[in-house]
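In the two complexes below, chain A is the common chain; its partner is chain B in one and chain C in the other.
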Partner chain A sequence: MSLEAPDTPDTDAADEHTPDELAALLGDLVVDRDDHLNAPGFVIRPDTVQETLSVLKEQAGYDHLSVVTAQEYENRYESIYHLKKFDDPTQEVSVVVPADTDDPVSESAEPVFRTADWHEREAYDLMGIEYDDHPDLRRILLPETWQGHPLSMDYDKDRPQIATLPEHANPLEDHHKDAKSDTMFLNIGPHHPATHGVLHLKTTLDGEQVVDVEPDIGYLHRCEEQMAQNGTYRHQIMPYPDRWDYISAGLLNEWAYARAAEDLADIEVPEYAQVIRTMGAEMCRIAAHMLALATFALDVNGDFTATFMYAINDRERVQNLLEDLTGQRLMFNYFRLGGVVWDLPKPREEFFSKTRDFLDQLPGSIEEYHNLVTANEIFQMRTIDTGILPPDVAKDYGATGPVARGSGVDYDLRRDDPYGYYDELDWDVVTEAGCDNYSRLLVRMREVEESAKIIGQCVDLLEDWPEDERTIQANVPRTLRPDDDAEIYRAVEAAKGELGIYMRADGTDKPARFKIRSPCFSNLQTLPEMANGEYIPDVIAALGSLDIVLGEVDR
Partner chain B sequence: MSSEQPFITDESSVVTETRDSRMEGQGARFNSRLREAFGSSPFILTKFDKFLNWCRGSSMFMLQFGIACCSIEMMHTYAVKHDLDRFGSGVPRASPRQADVMIVPGTIVSKFAPRMKRVYDQMPEPKFVVGMGSCTISGGPFQEGYNVIKGAEEVIPIDIHVPGCPPRPEALVYGVVKLQERVANGEAAPVTVKPYELEEFSDLERDELVETLADEIEDDELVMRYNFADSP
Partner chain C sequence: MGTASVQLFPEFIAETLGLPGVIGEVVAALIAAAVVGNVVLAFTGVAGPWAKRKITAAFTDRIAVNRVGPFGLLIIPASAVQLLAKELIVPEGVDRPTWDLAPIVLPASALLGFSVIPMGRLGPINFHLADPEVGLALVFAFASIASVSLVMAGYASNNKYSMLGGLRAVAQNLAYEIPLIVTAMSVVIFAGTLRMSGIVAAQETVLFSVAGFDIPSWYAFVNPFAFVLFLTANMAEIGRNPFDIPEAPTEIVAGYQTEYSSAYFVLFYLGEFVHVFLGGAIIAVTFLGGAAGPGPESIGFLWFVVKIWGFFLFTQWARSALPRVRIDQLIEIGWKGMLVLSFANLVLTAVIVGVIA
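What follows is the complex of A and B.
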């Protein structure tokens, strides 16, 4: 169990609560217990969701709603609220809300956690659970004219469907049109160079100012959860994580699945493999942040400019290393449950020297980026004090990763919920207090330096590793069948933030439910907070600074 | 007009000399086969269509169009190392009105297909499409997805398929250059699949699904109807 005493309890809220204390705190609200491998689970009635979550948030300090998982059993629907603390993410609790099969209705958690808005819409869309008191319960990923809820049990995937190409009307026209003000509706996307893929922003302008922006997602919803539920644990799921966050963050994503599945099936990973994983994952983080920098400069400065080319050049360098390591440029499929697929490329010395060469030239490149981008006055005018995201708002929306750290939220799972080899290495979590577009970029650029530090230490470790102790994989049964009804939620710090996997086993070799907690999904939800009242170019800058990737938003 | 030199009209050596003198001072790299074809005369005789096809194939404007994972490799293809511009096809245009070629770099899902069709329709003729990656061939790794269109050819015609998941930039360069070759030779791609059409809702056959949605969708709204049961 992950519930262990924190080192320095400073406030009541950060205090450790044993499951029994939590049960006592919730009192009559709890009707049953349904413990998960990572956290105690409390079953509550569907009409007490807000009350329960408020108690846990206000009195026990669980201020981070990671994700809402919806699933269907033979005899009931279930929504699970995975709660954590930003101060100590190892303290977790799950709130399980069963709902009736014939009439699945449950109370919305949106008034307690803003982030529940989108998560519950997704649950409604894919599973068909209705949330009472939800401000805007519409489909979010599928077209609004879709028939049926694809992850529910009685869905027929062969039935025909109709998608529309509507003309969008101005949603605020009635309220904002008078003699003085005149609003205009502007579609940005889904095919637009600044949306980083197929995102659609429904923007309403008053003059040049944005009064309302609504991200419309689902243009890349390619059924990742269904795909994972159709695959076997051992080999068939691992290729898919590469394609969630496809900006070269493959190994970071694979780690999310590997960590969850290894904890679910109780597999111990050899230390040597953990060091390789740590090194590879940080290379991926550098590649991902380089693209974030490249496209951000593209968004703010304009055409295919020098910064874009420079950053892509550095990405090519790190991709070459990753190709040497994994055999692939982008979709690595390198992790296996219990380790990695093969050892470092031979000759090892050559790989080490190539890696060191890369690390040696990196400070020079970063210096150049600072000269080109962050020290550039025009760039500063565009980004400083635009797209403000205060820390409490970031937390309310469940923002994580560089977006949260750019708002001063000191939350990094590599340090706070250690996995791999991170807790043995010397590195720092980067935070910036600016809360603006500039801070978010600075966090990424400084994180590249920290990643380089980690890679350097891993290379030193690997070089001295005794030859007869280089175990790359643990002994894992050919077919994995985790215990029936075992449930787990595990997260890692991916390039964009907390990437979590919820899995429920049903005794077979495939997961009965596989839910992806995507950091970009939660981060993108903050866009209206940052954009309203700003100008259009600042919205584009804010979107760029969020560094979303649609493969992960839509899954 | 007095001259000691005779005026020669039909001596091939003069033609050769003139050509050589024109080529002088040029690096060997500039003396292309075209230049040789010009010979001593600045005129060539060709068919207008052939000439225009050659022009088209030599300068293609790409639509800047990112969908999924493949678009990352597509960006690398445009950028420093692989530099698609070397082949005369590396100018990404943000507007479909200015583009000749659309690279479809990723999975097409139900919500996006009508938009892609619309963007394709906005491109001026003649237009060409490169399908990048397995998803545009068959749906790729996501073929069984409830929401995934089984290949871009279900929506728009494709000239060249580049397989891979994702294809390496070199593979995309190869595909684009192959397309340029075909365009220069005036070859057109046959449409192999009966694609899904964008049509007005009232034009759909009245079946159970259409009856169900009749209240939600206006008669003149554009829709795309997917028959997932018949998909490959």
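What follows is the complex of A and C.
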């Protein structure tokens, strides 16, 4: 392993800039101010995107393009670049790029942040904004033949759509360097045992080696953003997040919406509810990571592997606890704005002892996994030094969560941008410097132990909580109408990384724009970086180590 | 078990039924082959739908088939009906005669291998069809036809995954057949013969005694190093974890058998299981004293069955516990590791045998 250790934080970059300092730094680039609740916002001209973002990235240290939000107003289109710092995600800035209604063109940010590639393609696909200088501006979620842009105002939803199957297309024809090359084109998926759902990898092989892989997503696109925009803040949106990362990460997803909406409507959550949320969320994280371990073993060992069933058994135990807590096993719908829907199950002692039993047997299980999986020489041979993702590349692609932490990027929103009860508890952020498939797995396994620590502390707290102070829900108006034109972007550390939500209020009880920043979407984008030049089995392993959920990638 | 004194199975039938002459020999041989073939197929029938499920379940904390009949045993006919009743889907563009022949060649080659395996005695019957001079060479020859079938299937399926599986099968078999045979040659040096019954007979002497127990001179005890080498190469030869890469589910879907369904699929599975049993039989004969075991010689067949099922169990254990190596690593292990080790073993054995004898 010859990769350098991750860069030590640049002192300049870590410095906090006041909005005015930033404005001074950008100088003439700033046309106007459009501050959001979470960050100062600078309006710039559509042809200065690259310049602005370069300045912010290189001179102010905003090295994390979290998400690109596109939206349409009556008189303009708008792309918002939500920037953060990996060293301190509480320092945020929004770059707002208006574009003309009749001819929505704006400069692409792709040369500055690689991650903008997919985000801008999505913006083009759903909203219709075109990005100049984008390397590959095609639809990403919808079929190539789709007519219109579904989130734009003039979209005709009654128009019949025809999605043709280009059966005889030869994908090698146009993008092949040399007519005599003896490469082979292989469709991995959308139905393939290792794609973890309906993912299509357009793969070009040279023998067994991968020359090029292009993920083709959108098979599970369910208009989640559109649906959320049609729901009221108070109750109708909360069930949807469960359906993004549906691999039992439900409470973590719900927290993303809860956090954004609570900050938007200025709701304080009672401390008791925060502890319950923290405990439930960490249970979800264990369940999600157990499934990641199980399926990764499936990818590397082949079917009929014992590890899969062992990990599923452990997940089952935590799933039972979640069922006791929320009444549901998959789609929890347990959080409410301002709290949770109900208190711990009665008798409380029984729930606590069950939880403690789980926590007590967990170290034994983890040790077994280490014996069975990580200590196995063949497993190490397969995963160490394969699927390399250097830290700077990970950052460039906006990779977060265990994928980034497996590349030594010390970034965890639970610690860096605290919410819930995390900053009161004693736990550590796990990083591994290996940058390979093995490190990513190791990060998840060690995070399970950290989550168990958190749950243990939460149980202690909840057990001693005075009976008359057990408030599970703050006072929240029956109908929420956040201020007109209030905009917010808030993220939480979900099982797969930074799950963020952007919302714009328009004075009604429904959000005017609801944008989901899916960690899997950004993480999946790194796959070609890891896969090119490797063997097919390594691509499968790399994909498994990314731990994507297509429900969250496609939304 | 002296070589000359024991009657082979066809001879026994010819004598018992009183079949004279050449025609009698042919008829007796056919009957004997049918019996042995059916015994092996019966093993497969138990192993595929039932034993494998039960064993894997035991390894992975599950229960598996337990609803149909006692211990779920009736799942065997149920599965058989289910598998055969499925539609045989013939994909467009397959290379017809080859595509149809591949699923027949695989089980046939493995079954052929059993023709020279001395499976021991059960009462008066000696389950041994033929005992040619070159028995061991013959059994390897039969067993390696299997890879031809995999290539046929991979090539004829008109599917890229199948193609990759077929190519992997060739690469793997080339890399492992040689260490396998070279290691087997060290056994031949010990035994001084290629004749299967001779190899078994050579393992009958007592190696040493521990607390009154006689440890026989099975080659697994005489040369454990060769045994481990042979076992490993054999796992690769039959394509089981950690060397199941011609199939590699989750990577190349199901490799060469991706496009096969219904009866053809059953034939492939059958072939694989028979191949596993043949692998077990070869190991039993060359390293585990053939049908030898405690008790009278007349129950030797039962010991032989125990040995090959033991090997089957071992393959399932490996499958549940071990990750799969990558194709390039597999080739590297084969050519750079196993080959060198097997030649070292061969030379060492030759020197030791030469010095002692």
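Criterion: the second predicted complex is superposed on the first by the 530 of 555 C-alpha atoms of A that agree within 3 Å, B and C clash if a C-alpha of one lies under 4 Å from a C-alpha of the other, contacts with A are read in each partner's own complex, and residues count from 1 in each chain.
Here is the rule we use: a contact is a pair of C-beta atoms (placed from the backbone, for glycine too) under 8 Å apart; a residue touches a chain by one contact, two chains touch by 3 or more.
Given the structure is predicted, the values throughout are model-derived calculations rather than measurements.
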Next on the checklist: Output check: A:L325 vs chain B and chain C. Expected answer is one of first, second, both, neither. What do you get?
Outcome noted: neither
Checklist entry - Is A:I378 contacted by the first partner chain B, the second partner chain C, both or neither? => result second
Next on the checklist: Is A:P537 touching anything from chain B or chain C once the two structures are fitted on A? First, second, both or neither.
Outcome noted: second
Checklist entry - On chain A, which partner touches more residues: chain B or chain C? => result B
Checklist entry - Just chain B (first), just chain C (second), both, or neither: which does A:L83 touch? => result neither
Checklist entry - Regarding the shared-chain residue A:P193, is it in contact with chain B (first), chain C (second), both, or neither? => result both
Next on the checklist: According to the stated criteria, A:N313 is in contact with first (chain B), second (chain C), both, or neither; which is it?
Outcome noted: both
Next on the checklist: After the superposition on A, what does A:M445 contact: first (chain B), second (chain C), both or neither?
Outcome noted: neither
Checklist outcome for this item: Residues on chain A touched by both chain B and chain C 192-193, 304, 308-309, 313
Next on the checklist: Help me check something: in the complex, which residues belonging to chain A touch chain C?
Outcome noted: 184, 186, 192-194, 208, 297-306, 308-310, 313, 372, 376, 378-379, 381-382, 535-538, 540
Checklist entry - Of all residues in chain C, which touch chain A in the complex? => result 56, 59-62, 160-161, 164, 168, 241-242, 244-245, 248-253, 319-329
Checklist entry - Once bound in the complex, which stretches of chain B touch chain A? => result 64-69, 71-73, 75-76, 78-81, 92, 94, 96, 106-107, 109-116, 118-119, 141-142, 144-148, 165-166, 168, 198, 201, 204, 209-210, 212-213, 216-217, 221-229
Checklist entry - If you look only at chain A, which of its residues touch chain B in the complex? => result 141-147, 150, 155, 157-167, 190-193, 196-198, 218-223, 226-227, 230, 239-240, 243, 246-248, 291, 304, 308-309, 312-313, 315-316, 329-331, 550-551
